[in-house]
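The next part holds the structures, each set out as structure tokens.
Both complexes below contain subunit A, partnered by subunit B and then by subunit C.
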Partner chain A sequence: MDEPVKEVFNEARERAAQDYKNQRRITIDPITRLEGHGKIDVFLDQKGEVERAYFQVPELRGFEIFSIGRPAEDMPQITSRICGVCPTAHHMAATKALDDLYKIKPTSAGRKIRELMYNLFMLEDHALHVYVLGGPDFIVGPDAPAAMRNILGVIEKTGLDVGKKVIGMRRRIREAMAYLGGKVVHPVLGLPGGVAKGVKADDLPMFKELAKDGLEFAQFTLQVFSDIVLKNEKYVELVTSENYTHRTNYMGVVDDQNRVNFYDGMIRVVGPEGNEVVKFKAQDYLKHISEHVEPWSYVKFTYLEDIGWKGFTDGPDSGVISVAPLARLNAADAMATPLAQEAREEYFKILGGRPVHYTLANHYARVVEMIQAAETIQELVNDPEITSTDLRNIPTETPTVGIGVVEAPRGTLYHHYETDERGVLTKANLIVATQNNSARMAMSVEKSAKGLIHEGKVDEGLLNMVEMAFRAYDPCHACATHSLPGQMPLRARVYDAEKNIIQEFQK
Partner chain B sequence: MSDKPKIAMYWCASCGGCEESVVDLAEDILFVVENVDIVFWPVALDFKKKDVEAMEDGSIVASFINGAIRTTEQEEMVRMLRRKSQIVIAYGSCAQTGGIPALANLCEREAILQYVYHDAPTVKNPEGTRPQLETRENGFRATLPEFHNVVRTLGQIVDVDYYLPGCPPSPKLLKEAVIVLLSGNLPPKGTVLAPDKALCDECARKETKPETMEIEAFHRPHNTPVDPELCFLAQGIVCMGPATRAGCGAACTCGNMPCTGCYGPTSRVEDQGAKILSSLMANLAPKDEEGIRKALEGIPDPVGTFYRYAVAGSLMRGKLTK
Partner chain C sequence: MTGTRQKPILVLALGNDILGDDGIAFYAARALQEEFSAVADFTETAEAGLALMEMLEGYEYALLMDSVMTGQCDPGTIVEFQTEQFKKVVAPSPHYAGLPEVLELSARLGLDMPTGMRILAMEVADPFTLREELTPDVARALPNLVDAARAILEEWRASVPCTNTH
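Showing the complex of A and B:
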């Protein structure tokens, strides 16, 4: 190589190396152990401090639009494909929207079977997060090797017996759900006015045994959490550190005594001080819930209309809302069942009273909720009506508008349909749990990145700790991306024979 | 790393149900991890894109890819996994035929954008903001992948070796597929790894299916009492069973609801929707125009009913807009 060429070559290489050394952008792609797609871009300033971190959702699908023209009764099955991890949540919100659409109440047994299905789902889905998705960060350790921070590492750490117990329990719960719903991923039981299938008296003992073991399992999980996290000073410090703290509004469904309810009730929002900001019926959601659009993510950001969109900030003047277990426990005054209530009291005692603002406390709140789900299952299978064959009321009203809300494991979920007189959809609006959390999640990721990354020093453990900031919410980006695409800047140029542009279209 | 066969799992435009079906292997997942190394599986394991990039071409024995293809990112990832893999398996109905996300092929793209970011009743967007492929803020550049105009199947993007059908595939089918792969005794390329017979064959109501049908009218399940033992078609309720591949154990009919066709057609059928359409119409009792019109009122959405999971993979593939 000629000497001058060599010089230029070396200079360029030097420059490239320098750029690399002063790398200002760190990308975590794909983010892992969550449902759906996501990416984190962290930008550093000259000193290597985090200036900006984006938590981005790079995908969308379009359910609200392609639902138009579909028969309403198909919606519980179509919208369950928004998410295969929480299909039961969409299935149930859709089914409740159909009740409202046809102005028909489910039969008493129909409602109980729905609640049985729903609490089974809540128990297994929370267990999935505790042992497979988020939990490994604690059970195996936040900075354990990447190859170990997963369910396989959990099994290795806790022993094959525990692993088999968890796997076996989830399988049994999901078999019971398949019994009720035909299949467990994308069940088919929901119809306006009730359910398609009930529980045969002969099969009740299986449900009763499962209920008993389910409660034991939930209590075992609380013990595991207590032993591994609460007894570890380092973890408690991590959970309560400012890096993972945000003071926002909290939203959740509550029953008539303001207790946590997953299936039905009023929607209650409390402020960062724990005071009730607003309480409303599902049918009034349009007055209170709005969505904000940002150019850097396909997900929309839900906020409280009563306060307005004030940007990605927390505190009492901000409209940012949080949902999911942490939020539900904050938004309610109590749990609905005795053992869960005991666990809840302990939870607030340990974490310094209500409301709790620690994002990572979502994991703890999730376990408290597992106990409520398990106790509710027990109540329902011991209710003689659960084997009733009065499963459905057949609708007669002409449909117009239907709104259905449930608490998905990941937070409040809204389905809103409008139809013609045949019950064929003319409009749909879906606000999913993770969307309700999307603003706080974006804030959490940025704040943890700012708190954890200094002087440009990053390693995989630190980056995983940034991921822990979103993982605590158990986000479901398959859900959050139910709506379709962002802009594709389309440019078409028309050239003449001399290659001159004669026309240009831009969209 | 050990010398066990390397397996990858990835998702595109999908719901995560396929991932759940893998978790639903339950105890059998221990058998899987004893016999293979899972080298990429974003839902459960922390390996990143760069880890896959660093692997040698062809070093992954099999990639199970679920979801339809909608974005440039998904396209890039599946092309990369194709390069790195000896075998690519389209896992689930979205990858095989487009699945429910492919119903979006019936909509105009701009109408979707307009609704989602401007017209939806809860959206407040006075600035008219839309997500951008590139956002510049204080010298930082945040990027988003680009969307194709239509949803495509995996096979329309890369070469696919095998198909596992279903929304999602049953854990049983998955386990059988893994056993076949480990045996090294591979079926011919293009094989659908599920029984090649109609769903009716495994339906508990099979005996009640009439030899010849005279369907007077179609009834929608929400306003019709449903007999839990009787063939749905005999009750005048549309059931996709005759045009759908078996393999799920007739799960939906066990739940007292009709089959909606998620396992796609058998090998003898080119187009699932056309097949059920011709079959149902041949069994319609009324033969006059008015009578036929009246009977069909019970099917207000033929495309969504007959092609619910199959728009992208069907002969029509989508709606021609403009």
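Showing the complex of A and C:
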């Protein structure tokens, strides 16, 4: 480092350290009920008001290096192993990137089987979030004791039968996924040009029964959400409160009629007024999506290149984008299936029209998407082609570059591979869903902290309400880092100006 | 799907073998698989929470192995946890603190869960970097984890009557 640069650097560091000492600091570490772990730092000023709030996550390192030199065909298996939570999303994005790499389209039946697998996954994953991860905030209540805001609390509130229904449905969906993918967690279904396994005609009744029950389950979930959340004025007030509102751009994959599609289509971005800003193919993602780096986070914050990075702000001039259920419903003109479309209309009616800017509406949008996933499963299993044995087209082209995109439950997921002529990887780049949401998520944490914490008054309920801001996005950080259950209690600490702990929460 | 499994014991290895030390449980489980295949099923998973409930259901005994970062021990140290310990730590996360909820939920739903459960973990140094190797301290300690797991499995095997071992 040059001497003058070093001087400025040291001065800046000293100033930052001094500022830090002058602030009282609250840490929520780690965030509960998330996959991966992160922490929130809330900095208070002398009056006890929130000056800044940061959302930090751990880093997953070395993906590119790990990939280079491996055969591209291994990527659907390798990338699915990055994440124990949404392996199917990685598997499918990788499979689609291989289609693109080898310039081969899957057979019609192959595509339908992929879509069947993918919609099963969406239904199961969304259900998990509604009942277990984020839903407890509403079903049990945001002010309820931490020990109750979990699946046990949900069952206490909704009854043991609901618990049995949730567990039973989840198990059956996972069994169907294991049938197609070999195993649930690291599926081996997708191949360039198609799939490895189809549905046997003898087994179709099992899928049909599951499809019927899956749709009933999705509709039941909408009813539960409606009864517990939408009929509770206090909750609706919370969902629509300014603390949880950002007017950003919204990104999602749409079909040729601009309807929500989880598996395939063009990527559409609408602005805060709901107008289309840009629509592009996955292969053009680098022209439209860029990454911004902040010194306080490992996450690269994606933004819309067409507008540019203008900081953590919202409004029509901001390049901040948002993905996941809320964004998908905003980015599309309609749902692709009739009952989901009905639910979507009701959703926009209740929340004041499209686009909806309320972060907590993600939970509601997720339930609407469950219905689309379930209806799509039903359509697919009733399609005569689903038992076809024409599962794969064999690639013949020399590979160069392949880019694939899917809508993961948590938002738009990009896989980008480059290979030599043998199909051996020379480059890999992933933009995961949570990264696409990271700027808005950081804004949500700060805004809710500023809106909720005043005069230094911090209690567990308030901290949970700050956490709720990002839990709604269903974020998944540092995919697949795993630690033994029980070792990650929630901690919240308040420091005085001299950095002494004056208050500590432990859940 | 409640009911007994064909084998009485489940060895459940938690982690991810492309994330360096996070794969320690997988390596230990693989080292024991042949020796105990007559009495135990071996499952490797990166999942947690409710998925564990589905995996554990129907077994008489379950040995869970995982990596852990307490920051209080040297890498390579074996730590044994008791399920009772988890119950005291009420951290509502299906990913990180799923076990107490899973056990409680299973009890409420009347599921057939193992009556004997042991949880072994190894303190690790780096479960964050994508690679297939262990860090040196953890690699050196792998045989210790295998031995500790073997002792538990031998004890359970001895208590299972009339098991066809071949």
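Just so we're on the same page, the second predicted complex is superposed on the first by the 455 of 507 C-alpha atoms of A that agree within 3 Å, B and C clash if a C-alpha of one lies under 4 Å from a C-alpha of the other, contacts with A are read in each partner's own complex, and residues count from 1 in each chain.
The rule we apply is simple: contacts are C-beta pairs under 8 Å (C-beta built on N, C-alpha and C of every residue); 3 or more make two chains touch, one makes a residue touch a chain.
A quick note: this is a predicted structure, and the numbers were derived from the prediction, not measured.
S.K.: Tell me which touches more residues of subunit A here: subunit C or subunit B.
M.R.: Comparing subunit B with subunit C, the partner touching more subunit A residues is B.
S.K.: Could you say whether A:L452 touches subunit B, subunit C, both of them, or neither, answering first, second, both or neither?
M.R.: neither
S.K.: Look at A:L189 in the shared chain and tell me whether it touches subunit B only, subunit C only, both, or neither; answer first, second, both or neither.
M.R.: In the superposition, A:L189 touches subunit B alone.
S.K.: Contacts for A:H292 in the overlay, against subunit B (first) and subunit C (second): which applies, first, second, both or neither?
M.R.: After superposing on A, A:H292 lies in contact with subunit B but is clear of subunit C.
S.K.: Which partner does A:L123 reach: the first (subunit B), the second (subunit C), both, or neither?
M.R.: A:L123 contacts neither subunit B nor subunit C.
S.K.: In the superposed arrangement, does A:A178 touch subunit B (first), subunit C (second), both or neither?
M.R.: first
S.K.: Pick one for A:E73: touches subunit B only (first), subunit C only (second), both, or neither.
M.R.: first
S.K.: By the touch definition above, which subunit A residues appear in both interfaces, subunit B in one complex and subunit C in the other?
M.R.: Correct list for subunit A: 30, 32-37, 58-62, 65-66, 78, 81-85, 87, 128, 132-133, 146-147, 149-152, 163-164, 167, 170-171, 174, 184-185, 478, 483-489.
S.K.: How about subunit A: which of its residues touch subunit C in the complex?
M.R.: That would be residues 30, 32-37, 58-63, 65-66, 78, 81-85, 87, 128, 132-133, 136, 146-147, 149-152, 155, 160, 163-164, 167, 170-171, 174, 184-185, 478, 480-490, 507 of subunit A.
S.K.: Within the complex, which stretch of subunit A touches subunit B?
M.R.: 25, 28-37, 41, 43, 51-52, 54, 56, 58-62, 64-66, 68-74, 77-78, 80-85, 87, 98, 102, 128, 132-133, 146-147, 149-152, 163-164, 167-168, 170-171, 174, 178, 180-189, 191-193, 196-197, 285-286, 289-298, 300, 302, 305, 309, 392, 394-395, 416, 422-424, 429, 431, 464, 476, 478, 483-489
S.K.: Give every residue of subunit C touching subunit A within the complex, in rising order.
M.R.: 1, 14-19, 22, 45-51, 53-54, 66-70, 81, 85-86, 89-101, 104-105, 108-109, 119, 121, 127-131
S.K.: Using the touch definition up top, name the residues of subunit B that touch subunit A in the complex.
M.R.: Listed in rising order, the residues are 11, 13-21, 23-24, 26-27, 29-30, 33, 42-49, 70-71, 73-74, 99-101, 103-104, 106-107, 109, 111-113, 115-117, 120-125, 129-133, 135, 137-138, 140, 142, 144-147, 149, 167-168, 220-226, 228, 248, 251-257, 260, 297, 300-301, 304-305, 308.
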